[in-house]
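As structure tokens, the structure follows; a few thoughts come after it.
For reference, chains read A, B, C, D, E and F in written order, and residue numbers begin at 1 within each chain.
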Amino acid sequence: MDSTIAMKRIEIVSDVEKLEEIAGLLADAGVRGYTVLKKAGGLGSRGTRSPDDVLWEEENVVIILACKEDQAAKIIKLIRPKLKEYGGMCLISDCEWVEGPAISY
Amino acid sequence: MPTIQPVVMFFIMGVVAGLIRSDLKIPDALYKSISIYLLIAIGLKGGLSLSKYDIMEVLPASLALVFTAALIPLVAYPILRFVGKFNQADSGSIAAHYGSVSAVTFAVGLAFLDGIEEYYEGYMPLFLALLEVPALATGTILALMGTSSSSGEGKTDWGKLLHEVFTGSSIYLLMGGIAIGYYMGMVKMVEPLDKLFFDLFIGALALFLLEMGLLAASRLSVIRQKGLFMIIFGIAFPLTCGAFGTTMGYAFNLSPGGTCILAVLYASCSYIAAPAAMRIAVPKADPAVSIGLSLGVTFPFNIFIGVPIYWEMTKWMYGLS
Amino acid sequence: MPTIQPVVMFFIMGVVAGLIRSDLKIPDALYKSISIYLLIAIGLKGGLSLSKYDIMEVLPASLALVFTAALIPLVAYPILRFVGKFNQADSGSIAAHYGSVSAVTFAVGLAFLDGIEEYYEGYMPLFLALLEVPALATGTILALMGTSSSSGEGKTDWGKLLHEVFTGSSIYLLMGGIAIGYYMGMVKMVEPLDKLFFDLFIGALALFLLEMGLLAASRLSVIRQKGLFMIIFGIAFPLTCGAFGTTMGYAFNLSPGGTCILAVLYASCSYIAAPAAMRIAVPKADPAVSIGLSLGVTFPFNIFIGVPIYWEMTKWMYGLS
Amino acid sequence: MPTIQPVVMFFIMGVVAGLIRSDLKIPDALYKSISIYLLIAIGLKGGLSLSKYDIMEVLPASLALVFTAALIPLVAYPILRFVGKFNQADSGSIAAHYGSVSAVTFAVGLAFLDGIEEYYEGYMPLFLALLEVPALATGTILALMGTSSSSGEGKTDWGKLLHEVFTGSSIYLLMGGIAIGYYMGMVKMVEPLDKLFFDLFIGALALFLLEMGLLAASRLSVIRQKGLFMIIFGIAFPLTCGAFGTTMGYAFNLSPGGTCILAVLYASCSYIAAPAAMRIAVPKADPAVSIGLSLGVTFPFNIFIGVPIYWEMTKWMYGLS
Amino acid sequence: MDSTIAMKRIEIVSDVEKLEEIAGLLADAGVRGYTVLKKAGGLGSRGTRSPDDVLWEEENVVIILACKEDQAAKIIKLIRPKLKEYGGMCLISDCEWVEGPAISY
Amino acid sequence: MDSTIAMKRIEIVSDVEKLEEIAGLLADAGVRGYTVLKKAGGLGSRGTRSPDDVLWEEENVVIILACKEDQAAKIIKLIRPKLKEYGGMCLISDCEWVEGPAISY
């Protein structure tokens, strides 16, 4: 595929209440772009979490982020202790950024 | 026995829909909107009444009631812990739920008295607001006694908990409603707001009870676990609290209607404010148990059978017929 | 010709908003909340009336009407299949839509009669509930005739279908409303619930029609396909059913108002319950066609022109002027 | 000074909830539903009144007012640009906000006059609809003057902008409401729709103001940037516009009540229609600044202090006491 | 990247009505964590599905799941026949699990 | 892993207003399947976008799409100029399509 740049794709799942704090961390790491999906549910070490239960809402957030490899390492370093505290998960994989839209990574 | 209010039939309609697995769903936004509405409306009504009283007159009873409500979990806890065999966290948490109050049960109580045209002190919503909190503290202490010392992790963030409880939307909406209602009473401008907040109250309560029936049906499964104990506790404990509330109302010279409402308050069990508070205060407690017990047993018992019984208790106490 | 009710003007407002591509959007939750409200309110009104009648008196007409309504798809099907050249699945599905009923068209019919202060039997909502289902079965059979034998996959899960239809929220809310309304009539406690469910009915209908206009506008494109046939069928078929309903009402000794409502019911075409049922029963049918025809042609025809015509038919039948 | 309407207290309740970081949240769907409701209700009321007037009588004033409203941004722009040191895009955009109008401020003005039982011309909602647009055009021109020539990218899509503005839901709902209200007046069928759209208006406004308080609280931080200038401008500019509106109302022979409402309209600052239009017209402008100024300073000023002041101005102008 | 574990990322899209059944299957496979995103729409062999149409709601659900390779094989085996019946899709890719949060895979 | 087909996973993030146009482009490219997640927010070159702010809604959409490699190249070619115009991002990565559900790629 031409006109693509090898990058890392980071996917973080955490409690929605922590979103602001995580966004702050990402800003500290110099991140210039990410995508946020709220109203996520799931299963994990703390059991089932569901945003649909009006009496007991537990909402997760999914954050998707594409960045250069060195940037990814920096992010992981910052985010790891936080996830240790909050719970959730963080995955990294390889991806290609398709050139075209304004650079925001 | 007086007739059952049509409005509580909507609860049954919701339960049945849940049991036959109807695809009926109340939009989240409607449920949340109505609960905001109900709390404001209850507050406004209370504030409006309060403006006709001398606050100093209401204060002593208020303080005494708040104090005694905080004691309810002390009675509930040992029963749950040693008879019900719940663990410490769950026992404390359930005790907190029963010590706190339910605004919807309260509203059904008001509708009952309105239905039989019985007078009650209008400032009762103030008691609703005041009784919500103290038992949460007692329950939390019971749930955590001795644990905080053993592990650093278990430490309760009391600052956060207090913030959660006092800025929690249910208390806030009630208190805000009381304040604005008080203002409305002072400046004597009730007119255009009553149409939405007073006239439609029972209708909105009907829709809310429909959703609560659906919720209760979805929570019933939890009762199977410790079925018999939960059903007996879920009925006998509010009855006891109701008798206690009747006595308190009589002791503080409330009207018979006011006494009945106080009994309803003591007997009612929280399923909104308490779970939210316990999530922060006692994260180890299982919310399914306390919500299931509160919503699946005590709430329906109270709205269908409890309220009329508390009224009979009151009549007996006052020697009415 | 009597004046058009202001409430139906909201439908036009919605259609125009759709056509000029306004960014107007009615929140999903509002649409769903109002449809829950309307069905409960219709049910309550009907149950309340029913409580003043002897059920045995209403029963024979009910059964006969249910039976005849089930026959409507038998007329619609061959026209759709052989004149309209629709495939078997679509023909059966559309026939089911026309055999079933529309609660909103019904509500507009009631508003019309209320507007001209014409009496009708209050238990009409019972017919609304009863007429919703039978034609769905006929339509499904027509759609599937001969196919189930050829392939195993095509087999209809009748159990699931029956469950879907009878626990479907529209029937459930109507029947629940009728039951509670009946209870309200029995215990003579209508008062505080009427404020929400009766007084605000037409206002809520207005907002609902606004959204229906938006929906209809977004569905109009489908009519282009078989345009002429669809427009003729979408108008002529309800007219025929309306005439049939007028005859039935007259035969069963309904009042003129009741006869007109019955005509409206026969003429109305489902766009909520039928699509949901057909999705399970006849998954091969294209919902865009049936919903487009129902909402884009027949619904507006009925609320603006059909209802007054059915009333004229009724007056002619009864020799009124 | 007349007493503050209880309804505006809900704004304070929202602001305080925001400031103490309560978890109170108004569901999006409720906010959007109420804003649809309020605009339709304002429109209906206006259309109903308009039907009692000769349109020709209202036309000249309407045209003149529309024209003069378009001039307001010409005054605001230089102040913002050269005193406030905002950039060109922001200056034009903010000027457009102040030239346009706020339906909620308008509604609070009506509630104020209703509260003191002062007559006003019922067709005022027509002016609300008419005044929304013209200043948006002026503001856009100011924001873009000279820029479009320098770069191709900056070119405004006037077609799209016009479409956005005229089909925008706020204008559309107002105009649709006026049309249907006019029809209701013509056919003299107001009755069943008034229950929802007129009786509940102030109650719905209360819930809306609660949410607006929450929104305002969340926008206050932006004021810190150019704090002093923003506060002075956000208060002084509407006062000036209010005085201008009073003069215009007097000049066009409106009643005192109508004059006061006109002053409120001129003084009010848009925070719904204008941001939506500026997003397309002047994408370079920062919405946080204009919305923060409008909602955080001018809106609360107007509803608490401005409205009574405009009424005092009017009384002074007409020599009333 | 240190402190990461090579894992598989599974992404399942299906009708929301099937979520409960799929969650049951995953539980049978011994899965201890997944994330659920509802209100998804899409295009597929059965045409367009959209959760936004109030008259004809068709809602998809996206399930994201990180697990060890052998676990993944087990899941696929269980889920494949179901997807054959329901429709939808299932993708697998490589990823790295960032150590830190409680183990839930 | 057997019974899987090597494919490309494309993930597009853009303004929700552009969804219809992008769907049209994908249809032109002969795409037969994709999944759509609305109500996304995020950070990018145009700053923060959030679907939660009632006064200033800026909603992103996430489109996930699995297809063969040649198809992917075609899609990228079509989508790249559009993203240049709109903003947003587009990532490609390797994945395996689990055989089972009806073919929709």
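To be clear about the criterion, a contact is a pair of C-beta atoms (placed from the backbone, for glycine too) under 8 Å apart; a residue touches a chain by one contact, two chains touch by 3 or more.
Please read all numbers here as calculations on a predicted model, not as lab measurements.
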{"item": "Co-neighbours of subunit E and subunit A - touch as defined", "value": "F"}
{"item": "Path length in the contact graph (subunit D to subunit F, fewest steps)", "value": "1"}
{"item": "Set of chains whose contacts include both subunit B and subunit A", "value": "none"}
{"item": "Most distant chain from subunit A, judged by the mean position of its C-alpha atoms", "value": "C"}
{"item": "Higher-contact pair (C-beta pairs counted), C-E versus E-F", "value": "E-F"}
{"item": "Inter-chain centre distance, subunit D versus subunit E - centres from mean C-alpha coordinates, in Å", "value": "48"}
{"item": "Whole-Å gap between the CA centroids of subunit E and subunit F", "value": "18"}
{"item": "Computed distance of Cα centres, subunit C from subunit B, in Å", "value": "41"}
{"item": "Residues of subunit F whose C-beta touches two or more other chains", "value": "37, 39, 52, 93-94"}
{"item": "Subunit C, residues touching no fewer than two other chains", "value": "27-29, 32, 200"}
{"item": "Touch-based graph of the chains, sorted into line, ring, star, complete or other", "value": "other"}
{"item": "Pairs of chains satisfying the touch condition", "value": "A-B, A-E, A-F, B-C, B-D, C-D, C-E, D-F, E-F"}
{"item": "Subunit F partner contacts - residues on subunit A that touch it in the complex", "value": "1, 3-4, 7, 9, 23, 26, 31-39, 64, 66, 93-105"}
{"item": "Complex interface listing, subunit A residues touching subunit E", "value": "11, 13, 37, 39-46, 52, 60, 62, 72-73, 76, 79-81, 83-84, 86-94"}
{"item": "Subunit C-facing residues of subunit B, complex", "value": "3-7, 9-10, 13, 16-17, 20-30, 111, 114-115, 199-204, 206-207"}
{"item": "Touching residues on subunit B, where the partner in the complex is subunit A", "value": "28, 31-32, 211, 215, 271-272, 275, 279, 287, 291, 295"}
{"item": "Residue ranges of subunit B touching subunit D (in the complex, touch as defined)", "value": "27-29, 32-33, 36-37, 40, 163-164, 167-169, 172-173, 176, 179-180, 183-184, 187, 189, 192-193, 195-197, 200"}
